[in-house]
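Per-chain residue numbering starts at 1, and chain names A, B, C and D are given in the order in which the chains are listed.
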Amino acid sequence: MNFASDNTAGVAPEIMAALSRVNEGFTLGYGNDAWTKRAEQRIAEVFNRDAAMLLVTTGTACNALAIAHFTPPWGAVLCHHDAHIMTDECGAPEFFGHGIKLVGLRGDGGKISPAILKEALEKPQWGAPHHVAPSVLSLSQATEAGTIYRPDEIRALADIAHAHNLAVHMDGARLGNALARMNAAPDEATWKAGVDVLSFGATKGGAMAAEAIVFFDRERAAGMDRRRKRGGHLLSKHRFVAAQMDAYLTDDLWLRLARHANAMADRLSDRLSSAGFAPVWPVEANEVFTLIPRSACDRLKAQGAAFYERMPDNLPKTAIVKPDSVLVRLVTSFATTAEEVDQFAALASA
Amino acid sequence: MNFASDNTAGVAPEIMAALSRVNEGFTLGYGNDAWTKRAEQRIAEVFNRDAAMLLVTTGTACNALAIAHFTPPWGAVLCHHDAHIMTDECGAPEFFGHGIKLVGLRGDGGKISPAILKEALEKPQWGAPHHVAPSVLSLSQATEAGTIYRPDEIRALADIAHAHNLAVHMDGARLGNALARMNAAPDEATWKAGVDVLSFGATKGGAMAAEAIVFFDRERAAGMDRRRKRGGHLLSKHRFVAAQMDAYLTDDLWLRLARHANAMADRLSDRLSSAGFAPVWPVEANEVFTLIPRSACDRLKAQGAAFYERMPDNLPKTAIVKPDSVLVRLVTSFATTAEEVDQFAALASA
Amino acid sequence: MNFASDNTAGVAPEIMAALSRVNEGFTLGYGNDAWTKRAEQRIAEVFNRDAAMLLVTTGTACNALAIAHFTPPWGAVLCHHDAHIMTDECGAPEFFGHGIKLVGLRGDGGKISPAILKEALEKPQWGAPHHVAPSVLSLSQATEAGTIYRPDEIRALADIAHAHNLAVHMDGARLGNALARMNAAPDEATWKAGVDVLSFGATKGGAMAAEAIVFFDRERAAGMDRRRKRGGHLLSKHRFVAAQMDAYLTDDLWLRLARHANAMADRLSDRLSSAGFAPVWPVEANEVFTLIPRSACDRLKAQGAAFYERMPDNLPKTAIVKPDSVLVRLVTSFATTAEEVDQFAALASA
Amino acid sequence: MNFASDNTAGVAPEIMAALSRVNEGFTLGYGNDAWTKRAEQRIAEVFNRDAAMLLVTTGTACNALAIAHFTPPWGAVLCHHDAHIMTDECGAPEFFGHGIKLVGLRGDGGKISPAILKEALEKPQWGAPHHVAPSVLSLSQATEAGTIYRPDEIRALADIAHAHNLAVHMDGARLGNALARMNAAPDEATWKAGVDVLSFGATKGGAMAAEAIVFFDRERAAGMDRRRKRGGHLLSKHRFVAAQMDAYLTDDLWLRLARHANAMADRLSDRLSSAGFAPVWPVEANEVFTLIPRSACDRLKAQGAAFYERMPDNLPKTAIVKPDSVLVRLVTSFATTAEEVDQFAALASA
């Protein structure tokens, strides 16, 4: 019963097999190999676009490198107040961006609304040399609340951002989950909706350590090869990260894995709702947030269930918080089983 | 016939098997797992020291993080003029060190001599606020010329460095090759000789992507966990990098792999010497540098041999450079075969 | 009628005279001169403490250098949401701090309360490598709302900060105004109350361009000479900045100038209150914030009055905001005259 | 007898008077004043070009800001091995440039030759992501050896630089001295010869603390206002730095002051030559480098003469170094008198 994160799962068998397959013979390092070319081609096919792609091994690196590439050192990145880049990357965007500033916007269910974005950008202070320059809007897909942006929502936000000369970054650590849920085409929910650069995550989805920085406009990737290298993120035996991405995208594996994770989240949500613990936010990806009694929380942990508690400081007004309520985050993955889900729900409501 | 680098080889079977073995069930991410503990314990056993260890996936990250941790932003790192950190990491130490300066020292055969180090540190300029502060001495083991430092040589350099309040870093991307050659105990050639922090490489030796920053004094590692995280170098599915290091160090696998690579270098050196192409520097690790005619170089490449040419601008005076001489670097690995070596040598002298 | 800022005034005559006096003969540059020694001695006398002092020419440099010296790159600085370092220095602390993060705390009247500070520091997230490490509490004296912290308030905040291993920085761009108002001894309101490092401003108070970074513990200044130099903030003809600070502190000039500025703010507040425009926050230094009708605002500007409008988004609940209300900030200085004040008030209420 | 540096002199009377003159009434800060406009206009007139100009208070800031603006973080700056930016700014270019690398080129008499520049740029290593990207050529005018580049020499170097996509920066801390010596028009020796951005120094020439970053192409200055601000280099009472630059450029004051300094250097050179201490490099600006016996050095210091010794490690082959020779640097300024010069020379040869 591990619901602590989707990164507590291992590696999908298809990806593990690809790693073994690619391990034969010699090949030039640093991405000058056939597997890397193939991975880039897969990205192009999936996103229906001749995009530039650079692979790295962590989501934090992927986000920080992408953001830094579109933000001058005196720039600001607008993102949700609870975004991963804001709270969980130990200042990586600030480091890679050479001292940029992240500006957290409030918003229900982990999402930024067009109104809030507009208000933030139309504050009179921007413009003078005393103030940082808003340069990037970063959207998390799925969000930290397990919700997702629909293509038209992305479009509305991107239009505002572009009108103010900001680039649009998407942190797609769970893009597969979001797309599987919406049944949207990858292009419709990214560049066609205004996303300029994407952190495309495979690790949480089932890879070992593989994330792609995807530039939908090739020219804007200029210099990124050196930025990645000096960040220590250019793998020497590069075929092994390329093979992961290739396998992940082959035969829709990524979407199949995401659909399973989502289905497990739905099942968990259903079971918990039946027990009176309805999710506080819509379950739109592979995360369930709900309020359970402290006693249930303790019981679950005693039985070996792994999950994290969260600060209940931004709950929707409809949520009923009792004195002993604990807000818990439950994440499912490609490896989650229905048995685990049912066992967890049973223990929660015991 | 791939002698371009030791990172053109794949992954040693024992390490590949470990990756499969570790891929079962759930486990907490970010290093909070049993495999990571075991890898740290292996390091402690191998180096006979309760050292702090942090794993990353590239040698560049390993070096840059380690160096940055011992150098204030206004500090200088003294290293050989041809050191990898100086020439091949695209400014990673400067990036991670927030604008530190690397000072390249000359020295025969890729090695810094005590006299040159002393002279550099006793220049009158250091001290005033106008000048950067020498903070780290970085030694490459093996060097970029394929030579190695003996324990007493390291001791002599470290004593000078410590007397001037510099910390000693060792870039041990090929430490296994060096130790195998010297038949020296890991502790004798590192912390007992004065090394404060080590970049311990496994990737070139046979891993997929695994390098350890090893602090021989645990207390000096304080803060490094955050430095690594914000560098994007804390893997979420951390067990997979830990498993590589664990397998690499189990049953002396790393030394066995290194011995094979060294033996192949020796064989290549012998064959080429017989053909009149004696190495320009002593073959002390797994690299052979020699001068061959342009015609031989072309013939080898035409036959599919992979290797790099080097600038012949720092050769020993004993080297006989003819008008059509080409300086080539030939690197062997755990995967190099005697057949390849012999084929290469035969073609070179054809 | 210039109330735009206290930096729209020129230089106090006593300081101008000192600049002329010091301009004779040759002297070594970079602070190796008698005037610099004397300025440091004055600081020691004024603050009743053998403090280390480094002079720079801007408040932004002073703040950013001081903060960077106490914050590791992965550290966080807690300050008021409206603090100058947060909003008006274009990311200077982030730049000098190599990517640190500023965390803005809310608080009435520009002030941080112990309760809010405590809550911020006791959030469960701090501690893991995923999160930045709170390292500095920065207090603005006077605040951006023109209010001030009393010694016991500083003490209460500093105790909380120190208990969490944070250092305490004070942005004293208007420290003279605050001390003059409180009639408090400089030591009582700084290091005796727990301030570790002070940005002591003279420019707004009447100097040309002179700010001192004051370390109340000399040992913690180690390395700051190089940090200042590489920031481009070590003046070559250093005697000219030293002479300013020396004159500013001689015979209580700084307090006399501050008292005048404060008195002008009081007069302005009185006149405006009589006209129905009572200040929204207590006038405790040399700034008056009040709500005036748009028509009055326009009339004043038409008559050449200079001042800035502010966003009325954090007003106290007692403030009565009418549809056409404009929140204006009015700053007095050593050079403000009673005539200007009266003229302004008369025009506002015309 | 102060020949330690031209910054040991005070401020020229004309500039001091300008500071007094400008000190009346209120004016907006941060450069939004008439004096700043006038200073920019003077620059445009002097350089015969509608250039963008930003003022700062130190040469180090001026150089570092200018260089950073033309160099990506993964870029390299090529400069003379002994350039001030390389040796005397404590890593300021690396700090402002976010970890750029300075590559020192050798060259006689402090000057880079076209052949050496070409060789450096044509090394095969540049290009791959493993290596930093040469981005700026920085020329010191006058050089650290007191020599100067003629317009055609600058042109030749700039052509090579531009052909390799490098921008050309000139460190003109002593540009006045160089121009006065050559009797060259400011435009001929700067932008018409290929200089893209100039650090135009006034401090050493007779100002208190005033240096201008001059962009000969206005568009390339975009963003520099924020870069300066976050560097802490935007003065609030900006009129006082503007007034210095304005006075410095009015009625050719700068050239008159430079001519005097140069004449004093010539006189010193003559007197010392007569005594057998001919300069080791041509005296082309306001610096004399010569070898004197240790006994003379001691005698001069005992008599209160101030000057610095230099390492004699890059002398021309024609220089006759005796066992007790000391290489000394003697700098004259606008304030140097003929009496001091003669007294020094007499003591040296006593």
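Definition applied: a residue touches a chain if its C-beta (ideal position, glycine included) is under 8 Å from a C-beta of that chain, and two chains touch if they have at least 3 such contacts.
These numbers come from a predicted model, not from an experiment.
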- Task: Name whichever of B-C and A-B has more C-beta pairs touching across its two chains.
- Result: A-B
- Most remote chain relative to subunit B, going by C-alpha centroids? C
- Query: In whole angstrom, what separates the CA-based centres of subunit A and subunit C?
  - Reply: 41
- Roughly how many whole angstrom separate the Cα centroids of subunit A and subunit B? 35
- Task: Would you mind pulling out the distance in Å between where the CA atoms of subunit B average out and where those of subunit C do?
- Result: 50
- Task: For subunit C, write out the residues touching at least two other chains, lowest number first.
- Result: 73-74, 89-91, 94-95, 98-99, 129-130, 132, 226, 229-230, 234
- Query: Which residues, counting only subunit C, touch subunit B once they are in their complex?
  - Reply: 30, 72-74, 98-99, 129-130, 132-133, 223, 225-230, 234
- Message: Taking the touch rule as given, give the residues of subunit B at its contact with subunit D in the complex, in rising order.
- Response: 73-74, 87-91, 94-95, 97-102, 123-125, 129-132, 311
- Along subunit D, where are the residues that touch subunit C in the complex? 2, 4-5, 7-11, 16, 19-20, 22-29, 56-62, 64-65, 89-92, 94-96, 203-204, 208-209, 226, 229-237, 240-241, 306, 335
